[in-house]
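So, here's a batch of structures to check.
First chain A sits with chain B, and in the next complex the same chain sits with chain C.
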Partner chain A sequence: MADLSLPATPTRKPGLLAAGSAIARHRFLSHPKVRLALVLLVPIILLTIFAPILPIQKPLETNLRAMMQFPSIEHVFGTDKMGRDIFSRTLAGVQVSLLVGFSVAGIALVFGMVLGTLAGFYGGLIDRAIMTVVDIFLAFPSLLLAIGLVSVMGTGMVPVILAISLADVPRFIRLQRSQVLSLRSRAFIDAARTVDASQFWLMSRHIVPNTLAAMLVAASIAAANAILVEASLSFLGLGIMPPQPSLGNIVRDGQTYLEQAWWISTLPGVVILLIAIGLHFLSDGVRELLDPRSR
Partner chain B sequence: MNYQAPVKTTLLELRNLRTEFQTVTGTVKAVDGVSFAIERGERVAVVGESGSGKSAMAMSILRLLTHPGKVAGGEVLLDGRDISKLSEGQLNAIRGRLVGTVFQDPMSSLDPVMRISKQMIEPIMRNLKLNRDEARAEAIKWLGKVGIPEPERRIEAYPFEMSGGMRQRVMIAMALSSRPQLVIADEPTTALDVTIQAQIVEVLKTLTAESGAAMMFITHDLGLVARFAHKVAVMYAGRIVEFGRVEDIFAHPEHPYTQSLLGTIPSTSMLKTERLPQIPGLPPDMRFAITGCAFKERCAAAHDRCFAEAPSLTLRGPDHTAACWAPHGLGEGTTLKAERPNRPNKPFEPDGSVVVELNALWKQFDTSRKMVVKAVNGVNLRVHKGETLGIVGESGCGKSTVARLLLGLEKPTSGDIYIAGVAQMVFQDPASSFNPKMTIGDIVAEPLVVKARGSKSERLEAVRRLISQVGLDPAFAERYPHQLSGGQRQRVAVARALALNPSVVVADEPTSALDVSVRAQIINLLVDLKQELGISFVFISHDLLTVRYIADRIAVMYLGEVVEYGAAEEVFADPRHPYTKALIDAVPVPDPAIESRRTSTPLEGDLPSPLNLPTGCAFASRCPMATDRCRAEKPALPNHDLARQVACHYAH
Partner chain C sequence: MAEYTAKKLAQMLITVIGVITLVFFTLRLIPGDAASAMAGDTLSGEALQVLRDQMGLDEPLLSQYLGFLRDLAMIDLGETITTRIPIADLLWRALPITLSIAMATIVLSIVISIPLGTLAAFMAHKGRNWLDNGLTGAAMLIDLMPPFWTALVLLLIFSLGLGWFPASGQLDWSNPGSVALRLALPVIVLSLSQVATLARITRTAVLEVLNEDYVRTARSMGWSELRVLFRHALKNAALPIATVVGLSFGNLLGGTVIVEFIFTIPGVGNLLIAGINSRDYQLVQTLIVLYALLFVVINFATDLIYKTLDPRVQF
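== the complex of A and B ==
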């Protein structure tokens, strides 16, 4: 018999998954866009995590002897009109932002995958029912939808997360459905069907793993977007309510003093920008890595 | 002495043409120093497998390469002028006017949102300096010449309103309408059915002969070459390894690769007990530099010199060159020896046990516009234990639907299917038949896991056994599909199909996506397994030579019906249904002597739409002997008889 032998291409050792993911990790970390994203995001995330043990004023603590102070060693981002430390408040705000961003991405991912897979895989009535609702939601501009929902449900973190998710889930369903539709007709699905594989097997083994990559890219874009929407809502006074800090309401607080104390609004604004840029580079990098043509 | 030798003038000459593709993993030398010449009015076929550089070479002539391809050196002399140094603007004047091109895919080479008239008339106006009305008349004339019915009306059609064969005719009309001196046709019939291919080849042949244009015809089908070409250039790994007149190449091939290629194609006279000669191994990876001859690893005649030095083309006869150190390639004595002795001569004897039975099977698909596609119309078939049934027919004849019904992937509209045991399938496209996220081991084990057969270690053992059974190293279990070549993947597909000890394996065009040199390996594998395991096979293909070789019985399908059924050799030697005759006639045979004796005209017309089937005989619209009786009354096929059956009023 011919080609009995293995050609001299790298083979996988036993414990292949470990070897495979080591290669994947190397590729991931050496991608320029991913590196840039990590340089932006990792310090911000670390600072946020370690904020409680940093030698800085607590976010809600006021100090009337140090109001509206210019950035200094003691107050890296300066202070506001009540003498609160902007840096500490910004880190607390970032915590809120990241929580909102990742919650929204997670909710959108879970609901989008489940409903999109069902719609695409079964088609027919299930598909039509899910997609009708999706189309109705997609007809509203997402920010307006969020504003409307928050004004009904009230302010606070949970309503904000729910409101933004409700705008994102339909998009995720559409994306997942379109991927499932194109996978459904592939021959490997037929091959599994010829051995009477259950529908759950087909979806969990063959369909979902092959849709995951694109969905993760979409999720990182959604996280960046959610952070911006949360900031916008809080800025408009519809999101996280003071005194609890959020990047949006810090910027809003500062805008009245923009002429006397520009740093109150500007520096947290820059942090929002850096997070958004970082997440976009991350998704862009992940997308390029997953594109087979990049190999 | 009134004989005058034709004046030979060279039209196109390539001198040491080199083309490179810069990829992330290295520079691929797709064309590595190609030199040859085409005389005026000559038809030169360039044959080679995928990756041999034949298309890259043709595209380099007009610099139509897409990024990252780049002509790295050499000269292209068209009519004595070096066009490789011309600017894009100067070259544009040559493209289309002096050199016409026809590409492989007629679906994508016409602009889908432009009428044919717009796509044809403007280039003609520009190239022949005609006004709009004259150009239109010219376009209509050419559409008529390539065999488009009602060209005055069809010229206003959009591409989507035409069939694939019609679109390829339009492409040919476009290429020829500017009266080019050279036509470059890159696999122009690969996407088409055999009977349509025969029409297109005939059109290209007559029209270029008529206008005196030379032609470069790129193909991997040696049968087509025999039918069509004056000269043949055989390419391997970016170089021409043999070049010569078509009769010489087929009668006395000098290069081992050409000799092997010609040997791997099942011939019309081949016995089933003979193993198909196969070329071992795979073509070289073009990303790496090749020392010595590129074919050495797969060549039985390779010796020390082949590993050190690359041979160049040397004269082997009049107009015949080959690049090989051995004087006659593999030579007479060492022609492709089968690696294993011939199979025992064990003709198939039905012992009465039926493995598959299809009774009055119908399948209709509803389309969105309340129309019904009648894919399978009353098929009765039986497959006995150990028997291989070949189903042949053109695309749209329902052969794949029969396979899907058999495997339970579709539910029949009416009729019933009986299967003793398990039916499994080998799919056509080795690229999409595996989940890219699963290892080969998991893929082969999947049927066992789904059916909960055996413990984990037993399954692991079974996977190793199956993978070795199809001729692969068990270490392949830990690889992913994208790390395998097409032939290796198809072996894995066979291993997966065998996992459940099936009683019948359905193979739907299992070799059509593979290269010629790998095809024989897979066919031998299937035949060996059939003999060793006693499995029945249903082998679906449009490749009639392969079906004749592999199948015990053949069912010929046309528009969802079986029109002829019988023992494979009998059907081939003595086709009785007019469609079977036309189909066998349309298949190009890799032998110029047979091809030049061919006199019959190819079957005319396209397949009728399965949306609107004729009431009488389905074939009546294309049949040369159809009468009013055929159009009114459907000829029937008797049920389940092993004897020869023909569904035709006039066949005897």
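== the complex of A and C ==
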């Protein structure tokens, strides 16, 4: 006769928690999309970190005896009109990209969660005030809002990060608010209320943890988007300014020499594309892991 | 419908006033003021004061703000500060170009993506997943390509390499053929990412409908596949497609700035970049408000189209 008894319910001992997180890590690393993302992103990140000790020319170093050279073993991505090594400049640019991507994702996540939770949880006047401002910000196409903001704040790393974040925060507030609104009316919140849980307890223990999954997915999409926007701004001459390399301004530099030296513009663009694909699969994988229904 | 339109119109008006207010006050946040930021080190003392008077920066903030609102309402856009050309004249030339690019992109991407998305849905429905996966994967890849990079690669191949399209030169409106050739590559670049999104939306919408009972009923009545498709599947797909076209219009406007820059097309985007580079805040604030206005109006139109296509929508 088949064994119809229920499987033993696992009892939660403190030691199991560590085991649980190890299992979670294993599941994360064995997810095919996450694996593909890591295969793309890890080498790029490692190369960026170790760029200073790699046997390549420094990003700002010129060499007038090796101008506009076709890609070779010595110069993997070729050289530009001043004999600078494009590969080394690209790695320096990736460093800028990653910094911008993670900063924007972090800023958008923090401000989005705080303001979105307040708006959704308290409702009323706070909600209306926050959402009115959010709606106004969302009336601007995001690249144009960033362009407008850097035109006021000036060029450089910090203004670019702030401008892109300001364009992203409203989207995060809206997402967080809609999640909080739907959670607020759930039974477990009522249950916590009946035992006189404080509002801070409700928000920090019951609401925010349940919104984290969607926000993390949104953050990884925002990081990819921020990298693209920074590159676009720098390409238009409004973001990171030369001589400091950024993927956008390297491509811009090469535009003038497209016919004679196509590699200056096209190869750094391929790297942006690889990072974008990596972050896309990472966010997709994380979403599938955190939300079993979407599989 | 009239009530719905009025309500949406009121919402739009509030947003527009908010947008104008935000732009106005953001420009007043510039450290120092707009005049000294504009002049840099080139002007000092009296000359700077003249510029300040010209821009009305010494008037009380409130009267500056009301003046700005009044001018915009009267469509009195003023002159550029550096070259003293009426901004309305500049827009009269630049706006039709940018709008042609945007509209051509929307038309082209709809014409391509609906058959493509439908095909993918059909293949998925029939279990021919390799074609569906291929199309979906390609759409994803295209969607992730940075538009300025795609533009340069296409420019390299089709203009500089094959010589099919002119890479630069005047837009001669008396010769529509040459204008079409000149705008072809920018429109194709912008369409690529639109097609990727729209084809995916079409695929999902059609696939969903193909699994419905009423489609099976239609088939059982001996309808041809094409008739089923046109009568049921595409009609239902129209709704999400209209929504996405409206929502992605903002990205499209951002994209026009990039392609106009790369292909040196004298549209609003190049005007904006020139305005920022010469620190002409009068021009920049007008253009940013204009872009937001375009986006808001398109979203309003999308809401109305949505309501017409699906009368059940409340709001």
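In the analysis below, the second predicted complex is superposed on the first by the 280 of 295 C-alpha atoms of A that agree within 3 Å, B and C clash if a C-alpha of one lies under 4 Å from a C-alpha of the other, contacts with A are read in each partner's own complex, and residues count from 1 in each chain.
Everything that follows uses one rule, which is that a residue touches a chain if its C-beta (ideal position, glycine included) is under 8 Å from a C-beta of that chain, and two chains touch if they have at least 3 such contacts.
Computed from a predicted model, the values in this text were never measured in an experiment.
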| item | value |
| --- | --- |
| First (chain B), second (chain C), both or neither touched by A:197 | first |
| First, second, both or neither for A:209, with chain B first and chain C second | first |
| Which of chain B and chain C A:187 touches, first, second, both or neither | first |
| Touching partner for A:135 - first (chain B), second (chain C), both, neither | second |
| Partner chain in contact with A:53 - chain B first, chain C second, else both or neither | neither |
| Contacts of A:73 with chain B and chain C, given as first, second, both or neither | neither |
| Of all residues in chain A, those that touch chain B in their complex | 1-7, 9, 11-12, 14, 16, 186-188, 190-198, 201, 205-206, 209-210, 292, 294-295 |
| Complex contact set, residues of chain B against chain A | 24, 278-282, 285, 339, 404, 407-409, 423-425, 427-429, 432-439, 443, 446-447, 450-451, 471-473, 475-476, 478-479, 482-483, 485, 487-488, 496, 500, 521, 525 |
| Touching residues on chain A, where the partner in the complex is chain C | 132-133, 135-137, 139-144, 147-149, 151-152, 224, 228, 231-232, 235-238, 248, 251, 255, 258-259, 262, 265-266, 269, 272-273, 276-277, 280 |
| Chain A-touching residues of chain C, taken from the complex the two chains share | 15-16, 18-19, 21-23, 26-27, 29-30, 140-141, 144-149, 152-153, 155-156, 160, 249-251, 253-255, 257-258, 261-262, 272-273, 275-277, 284, 288, 291-292, 295-296 |
